[in-house]
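Both complexes below contain chain A, partnered by chain B and then by chain C.
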Partner chain A sequence: MSVVSRGFRGRARDARHTLPPGQYETHGFPVLSAGPTPRVDLDEWEFTVTTETGDRYSWDWAQLMALPSRTPTVDLHCVTKWSKFDTVWEGVSLDVLLEDVETAADHALVRSYGDYTTNLPLEDLLDGQAWIAYRFDGEALDPEHGGPARLLVPHLYFWKSAKWVRGIHLLGEDEPGFWESVGYHNYGDPWREQRYQGD
Partner chain B sequence: MARAAVPRRLGDRLSWKTARLTDRREESSAARTLGFEVPGWPGHLAGQHVDVRLTAEDGYSTQRSYSVASAPDGERVELTVQRVDDGEVSPYLTDELAVGDVVEVRGPVGGWFVWRPEQTEPVYLLAGGSGLVPLMAMIRVRRTVGSRAPFRLLYSVRSPEHQFFESELRLDSSGLDRTYLYSRSTPAGWPRPAGRFTAADLAAAGWPPDFEPTCYVCGSTGFVERAAGLLVAVGHHPNRIRTERFG
Partner chain C sequence: MAPPAFLDGNAAAGDLELAFGTDMTMASGRCAGCGEQMMLAQTHAYLGGPGTVLRCPVCGSVLLRLVRSPGQTWLDAGGLGHLRIPAPA
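Moving on to the complex of A and B:
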């Protein structure tokens, strides 16, 4: 039973979109990150998938650009409570990048330039659910929003969509990432309001 | 000695608790400090935040996160809230919530943007506007526990009317070095003209990189991007720069 705050009315209820519990809609694009924004030179950019046996699969920027891209329109849900609807991205599906990777792993640890990490089940990266995104709203992705390229995995809270992505380690055992090690939920489903450990 | 955050069952820490407003004071023209009594509050670390939930008569509810401004003090929690004019929640908290009214809170939350009393290295706090709030909690905890960790504060604010915690910082005798920068208008006779902070300001107010300070940067995205970028540019290692952004 929730407690009513006297005199609080709130905004007009939005009939167009269904918000996950505890979220509110924003039309801006807020930024959240734990440290300085890394500046990554495209000439040095590389994306690497490393398997549990140590095999490596790498793409440089030109190779990534040569892969078939998708333009998903997705809703974003940040654990800091904002949701943003109908955002348009361009990027390469992880289905394409992982297609020829040989692995028996169940877990993924995503690594970024600037040493950010986040973990998720490998199956959440597959089946049209995740992209390496490099354009937002038709423009090259800004560094403060994760450019040159970020992971986009919008069915989980947005901290899982690692900015400045540089690689994915496929692991037999789950390994918590940065926010997952300091109190945030290991999985982070916004529809089940899995914000923090114990939710 | 302040009560430190003691480990508690997560279920206790993350359950929604009723918070009753016990007092409020004006912090600036657009900000209020709200003192709540929260039965069962487990204590917190300086820099952590709480989730606040407001529920309307018709059952509609919404949540926001606010940094805790106060040092741990039993079941008392202070939040300093800046009014966002077109906001859904902050005008209610700053203008309508009266002593005796209730909201719900849960937390504390966040284990990264925190300062712990056992830290002994130099600390450089960089605050933009209302970003001072979690850094003020660090200043208050340092003072409460009698820490000798060297602290320096750079506080960038639009104008004197927007300044938070002015008298408390002015009267502080804990050895906190502080530098105020005004971006739009200054107090009369202020030596530095109003304007955006520069690399020179940042270097003059803080510690050199070879002192290896931990830097805490909090403010708007524009402030944090600029301040963190300048810190890296003058040689501070990115791993020692912690950021938190408002809005």
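Moving on to the complex of A and C:
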């Protein structure tokens, strides 16, 4: 006598999404920090772009709010292995902010209020791939999640999406950031599972 | 109000012992930023993120960053002016 049992299928997967290798889905929004949460007064907030020749471009909060915004819906992939699908943000594209910046740089070092930094190729900030985001899920971005504004560059691991962003230095030579200088991958593509140097 | 995101340095004891090969909670150091002398157990430890970060409880400067990947341990203790490690009892 044979016994045939129904196959266990588990929970139905959302066909719209695929997890990068080694990731699991979360419905929460974990808060991971390497230091205290800066409280930045909007009256004092400033975002600057500094080029490799020392030219400086800056925007205060009112100037940022006056720029055209986009509302990207993106998936997030944290190097600590959680992924969160369909997150809704509002922010200004780096294409807008860098439109009139004259530079021959290939590299960017992102600086935050506090002492956090992260590096990435300048080309990864362009062509609709990155935003200075100030609203999440229709609300002002909470300080624990990087408010007043954070970089959002969702095609790379989420440590590249620097919270509390205050500026970008455009550089001729690459300069590793806070985590990249202690073993994390210089680029951090979740689809190639580039977590650590050597991956 | 959100609870503080840090724990005391004892929370990093396991990671530190794996890196140094000895119990580090009684080790002491000097903050290169403000000069404060402290035991590592008294530092502010930020855990759960990509790595372990110890900060000075007085000025907030980064004292030490520790990252463990599957094959390697990375340590930057450049924020410590010195580190004194007691001999095992």
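Keep in mind that, in the parts below, the second predicted complex is superposed on the first by the 183 of 199 C-alpha atoms of A that agree within 3 Å, B and C clash if a C-alpha of one lies under 4 Å from a C-alpha of the other, contacts with A are read in each partner's own complex, and residues count from 1 in each chain.
Here is the rule we go by: a residue touches a chain if its C-beta (ideal position, glycine included) is under 8 Å from a C-beta of that chain, and two chains touch if they have at least 3 such contacts.
Fair warning: this is a prediction, and the values are worked out from it, not measured in the lab.
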- [ ] Answer with first, second, both or neither: which of chain B and chain C does A:V88 touch in the superposed model?
- [x] neither
Open item on the list: For A:Y196 in the superposed arrangement: first (chain B), second (chain C), both or neither?
Closed with: both
Open item on the list: Quick one: is A:G22 in contact with chain B, with chain C, with both, or with neither? Answer first, second, both or neither.
Closed with: first
Open item on the list: Contact-wise, after the overlay, does A:E144 reach chain B, chain C, both or neither (first, second, both, neither)?
Closed with: both
TODO: Look at A:S33 in the shared chain and tell me whether it touches chain B only, chain C only, both, or neither; answer first, second, both or neither.
DONE: both
- [ ] Please work out whether A:W159 is in contact with chain B alone, chain C alone, both, or neither, and reply first, second, both or neither.
- [x] second
Open item on the list: Under the stated touch criterion, which partner chain does A:A62 make contact with: chain B (first), chain C (second), both, or neither?
Closed with: neither
Open item on the list: Tell me which partner touches more residues of chain A in the superposed arrangement, chain B or chain C.
Closed with: B
TODO: Overlap the chain B and chain C contact sets on chain A and report the shared residues.
DONE: 31-37, 80, 115, 144, 178-179, 182-183, 195-198
Task: chain B to chain A touching residues, read off their complex - done: 10-11, 13-14, 16, 18, 51, 53-57, 59-65, 88, 92, 96-98, 101-104, 109-113, 221, 225, 228-229, 231-232, 238-239, 241-243, 245, 247
- [ ] Flag every residue of chain C that touches chain A in the complex, lowest number first.
- [x] 2, 4-6, 46, 48-51, 53, 55, 60-62, 65-67, 69-72, 74-76
Task: Footprint of chain C on chain A - complex, ascending - done: 31-37, 79-80, 115, 144, 159, 178-179, 181-184, 195-198
Task: In the complex with chain B, residue positions of chain A that touch it - done: 2-11, 13, 22-24, 28, 30-38, 80-81, 114-115, 144, 178-179, 182-183, 195-199
